[in-house]
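The following block contains the structure, expressed as structure tokens.
Chain naming follows the written order as A, B, C and D, and within any one chain the residues start at number 1.
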């Protein structure tokens, strides 16, 4: 797994280019205004943000040079934990559903992680795929427990004890998604440049030296793996609460591959790229199928080919080169 | 992006006044059907038929001068895409009434959603009885029968034509419909013929392309009767592979939804198997095949699609008939140009309407009372595919549990005498 | 007499027929600066691999201050104060020279605060000083993959030193360094090690370096320690000239 | 589990294993030589099936005998290899050999997405069914159990033939040796004048032909639907990873394990049948991290 991630270590600690921060701020403000200026887009963007947070989990692993083709597993586990919780406790609060979902994802991340951190490269990717397919098969076949192929409904949880109407709830979960995007995005950015984050990224370049610094590469990878599982858990839970239904589709391998697709589309290794990639992906998916007669897969596939062949840095790579080219600084 | 903004503005303008509503430019209807995947052999004919119904009706000026416009949502895109598209159409797309859905799984998801979005929804094809038995709905109606009436008709026909079979196996699709239909059929059989032994229960994946492992198992088990409530591409594959392996000579197949596959199966469906049509739907319907509207539609459909209509087309006709009848009734009852939502809902209660089959009516729990047609396959040579003989049409009333009662609980109170208590008309072919 | 800092007893290592170490027993005393010389492929690097737990011997034990560390993985041995510099520099190729050291220091101190920037950790100045010590301060912010072989070797040693070890095992420390600077670098290195009280063992081919900077020399040949003594005794010894140096000169 | 059920499970397992092996063979060959796991392999499999059904349907309509279905299978397999396999390598993969592994994987995933839609545009969404080849060979009864000759005899024979043929080709022909050399060490091979690019093009095309052949041979046993590619490819990953990447012989053993495991599970605990292949993969990799026949790469320092 040679280097693919944007060399974030080059944007050293203090002097983060102001242009990029401004643009990010502008982007977030634009999202915040969506329910006012484009209410029809609210649901679509909410789904994209949930997916973006999950893709952030995949981006974390990309930074260690590892690609998982099964991270939809944690996305799905968190969603199903939420659905089972609300089914057994109808009045459950939204934050409780989110917390339990993420907890389920973390526990699964630990159990699966303990096994997959022994592997690297293609085997790491395929083993994650195998675990997600095992969970998918269980969801599909054990009908009486998991609702089988039709999945389970996740009736609307309460918010701080209040029984919410549909419109109100969708606003709450929209702004919760934005808050989580900003919070988790900020944390991940800081984590990447922190000692533990930097050590995590040495998995890609030299595990031997890491061992000779007195650290266990497997435990270091496991710490990053747990973070990625948790992020996927947050995404899964938000998606489930927004959609109101959880199906085995959440865990199908194509969805895991889709996450890697979005991470690279946005800009492999870039935190902002995960969200921008998810937004672009969802918009193309909805509008292509609405206006281009359901060949959205073809369009997105072609789009990814163009990105990989001509702009491997992804959308963020393009954005950065634009910023630097007309950059005002040095 | 632009047109999305304008349509949302339009939605704001639609006042939801309690009294009359002013006539909209067009009556927007959203209809979910399978346009992709193995079930498309089922969903596409229904869409083609609906286009014909709408075209004919608009030619006569639509409803009180308002033309009808139907937009289709593909159920094959998966539950997620379906729910977001349904929500978008009902919410901002300006649809006044939704027709959802074919798959029982999707019905279970979209019915509560319609209630949530406060949009009238006609469950035009899905059969699972749970929806109205587990909760009561204000906005959701079903202009057709349900699994209970269909399975009881199949059991009744089976017991009348094969009173002394001993073993049975089931191969149903692994989702809501497959599981619910087997539970009802099985409960009815236990009550009406307790000595029957169930030798095998298989639930292959919905949309599974290959049934060879299940067929091998059936070859070993050699059951007298094989039940399969699968439909569309799955049923075609299952029957064709079973026919190849000679399974259709050793077991009698009970296929309550096979009417929809007759034409596609061609000679792969030999004589002597029990065929159902989820209602009194058959392109050679003994009581309706001479009626003028029936024959003119058959010709129009054949010219448009080149094939014969299957029961999803009949269900589409019933949904369309219910829709138009409801609007006409609401307009007449309230003497308005265009009914408000409340007035439309009131009209739908206890509505009487007629599609391509017999007359139907909606009970207070919004469940349609639909007659059930069963027959036995025969290769007369008149058509390049099997047709039906020894046709029995069971009246719908007797096949449904009293309003408010749960199906399997009610069935457990029945006994062998139930079969003879049903009012039925028999036809030679 | 206190126990030796590190000791091996009857080490036996076989690789597909080749005996890399044949019942080797060897002592490394605290504070000394031992050089290991011997023909190529004699098993010198394998010896370092065994001492640091990278390879497990078929027979025999490795002791650190009398404690048996044979079964331990390298990371546990490193935690007990043993560090290593490699023949092929093992660095984090996507990080800068300074970051390589900061990561090493952070690993030593324990990675606590996930929100603090790596560049702001307390040991930053100490690491800049260490970089300066190995003449690489000017390339602190350059990504190591862009540096010369010699610079990478020195940073590799600095990364090991950053762990503040009690024992430093080095594999040909000055190979790749310009010959004019070899002695100067060795001078500073040995000085720093002595100042920090670090025992060092280094595999070396350059007899000039061995003569000037090692206080004891062990001759490794055919999987065993043939001879051991002060540089003067060893470098004039006829067998050494024939087997080790002779081979060099010809 | 009386004798008949045991035999039926055995026959199901063998016929399924043969099919999965043929598809996995192409996948593992491509990975062995080019270190690329071709996700688009599933689409090539599906298009092989669609092409066979269309060709067979066309020729049968003209009155040709059903036995013509067999040569048509080879024709469609070669068509898939040449019309799709070649261009994919030549136009796309060739430009990214220097790029990181994840981007190579994603290029094949992008091609997979494109081809899934192309299938739908060309062949629509309704299921196709063309079993004349299977019917032409009729059934056979072994110990009282009737099974189709096509699935019980033809498929395993083709699978074994391909295994031995490919092994012979790689070990005893000039091109085969070139491929093995490039697999061993691409730089070394190039340094002694082997044109790695031609070797890659040839290997990828052969791999695509094998995928197409897998689809062609599968077409009579199943109805051809959108999505069959996605189901088969994830199963082939399990076979290839269990065997050890690039292990051709290993793929045969892994395919047999997964085929039999799945078919016996149907008789013991049907719900788990779908789960078994991935369970086997995880258990094997737990014991042997490089796969059954993979060799661990020692890390030199």
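Just so we're on the same page, contacts are C-beta pairs under 8 Å (C-beta built on N, C-alpha and C of every residue); 3 or more make two chains touch, one makes a residue touch a chain.
Model, not experiment: these values are computed from the prediction.
*Asks:* Please report the smallest number of touch steps linking subunit B to subunit C.
*Replies:* 2
*Asks:* Taking each chain's centre as the mean of its C-alpha atoms, which one lies nearest the mean of all protein C-alpha atoms here?
*Replies:* A
*Asks:* Can you tell me which chain pair comes out on top for contact count?
*Replies:* Top of the contact-pair ranking: A-D.
*Asks:* Calculate how many whole Å lie between the centre of subunit A and the centre of subunit B, each centre taken as the average of the chain's C-alpha atoms.
*Replies:* Inter-chain centre distance comes to 40 Å.
*Asks:* Distance-wise, how many Å sit between the C-alpha centres of subunit A and subunit D, to the nearest whole number?
*Replies:* 32
*Asks:* In whole angstrom, how far does the Cα centroid of subunit C sit from the Cα centroid of subunit D?
*Replies:* Taking the mean C-alpha position of each chain, the two centres sit 51 Å apart.
*Asks:* In subunit A, which residues are in touch with two or more of the other chains?
*Replies:* 3, 140-141, 208, 294, in rising order.
*Asks:* Do you know which subunit C residues sit against two or more other chains?
*Replies:* Only 86, 90 qualify.
*Asks:* When you check subunit D against every other chain, which residues touch at least two of them?
*Replies:* Residue numbers touching two or more other chains: 120, 270, 274, 301.
*Asks:* Residue numbers of subunit B touching subunit D in their complex, please.
*Replies:* It is residues 35-38, 40-41, 44, 76, 202-203, 205, 207, 209-210, 212-214, 216-217, 219-220, 233, 236-237, 240-241, 244-246 of subunit B that touch subunit D.
*Asks:* Please give the residue numbers of subunit D that touch subunit A in the complex, ascending.
*Replies:* Touch residues, subunit D against subunit A: 31, 37, 39, 92, 95-96, 99-103, 105-107, 109-114, 116-118, 120-121, 230, 234, 237-238, 241, 245, 270-272, 274-275, 278-279, 281-282, 285-286, 289-291, 299, 301.
*Asks:* Please give the residue numbers of subunit A that touch subunit D in the complex, ascending.
*Replies:* Checking each residue of subunit A against subunit D gives 1-4, 62, 65, 67, 115, 118-119, 121-123, 125-127, 129-131, 133-134, 137-138, 140-142, 208, 253-254, 257, 260-261, 264, 268, 294-295, 297-298, 300-302, 304-305, 308-309, 312.
*Asks:* Spell out the residues on subunit D that touch subunit B in their complex, using ranges where they run on.
*Replies:* Within the complex, subunit D contacts subunit B at residues 4-5, 8-9, 11-12, 15-16, 120, 125-127, 129, 131, 134-135, 139, 145-148, 151, 221-228, 231, 263, 266-267, 270, 273-274.
*Asks:* Taking the complex as given, what residues does subunit C use to touch subunit A?
*Replies:* The touching residues are 52, 73-76, 78-79, 83-84, 86, 90-96, 99, 102-104, 106-108, 111-121, 141, 159-160, 163.
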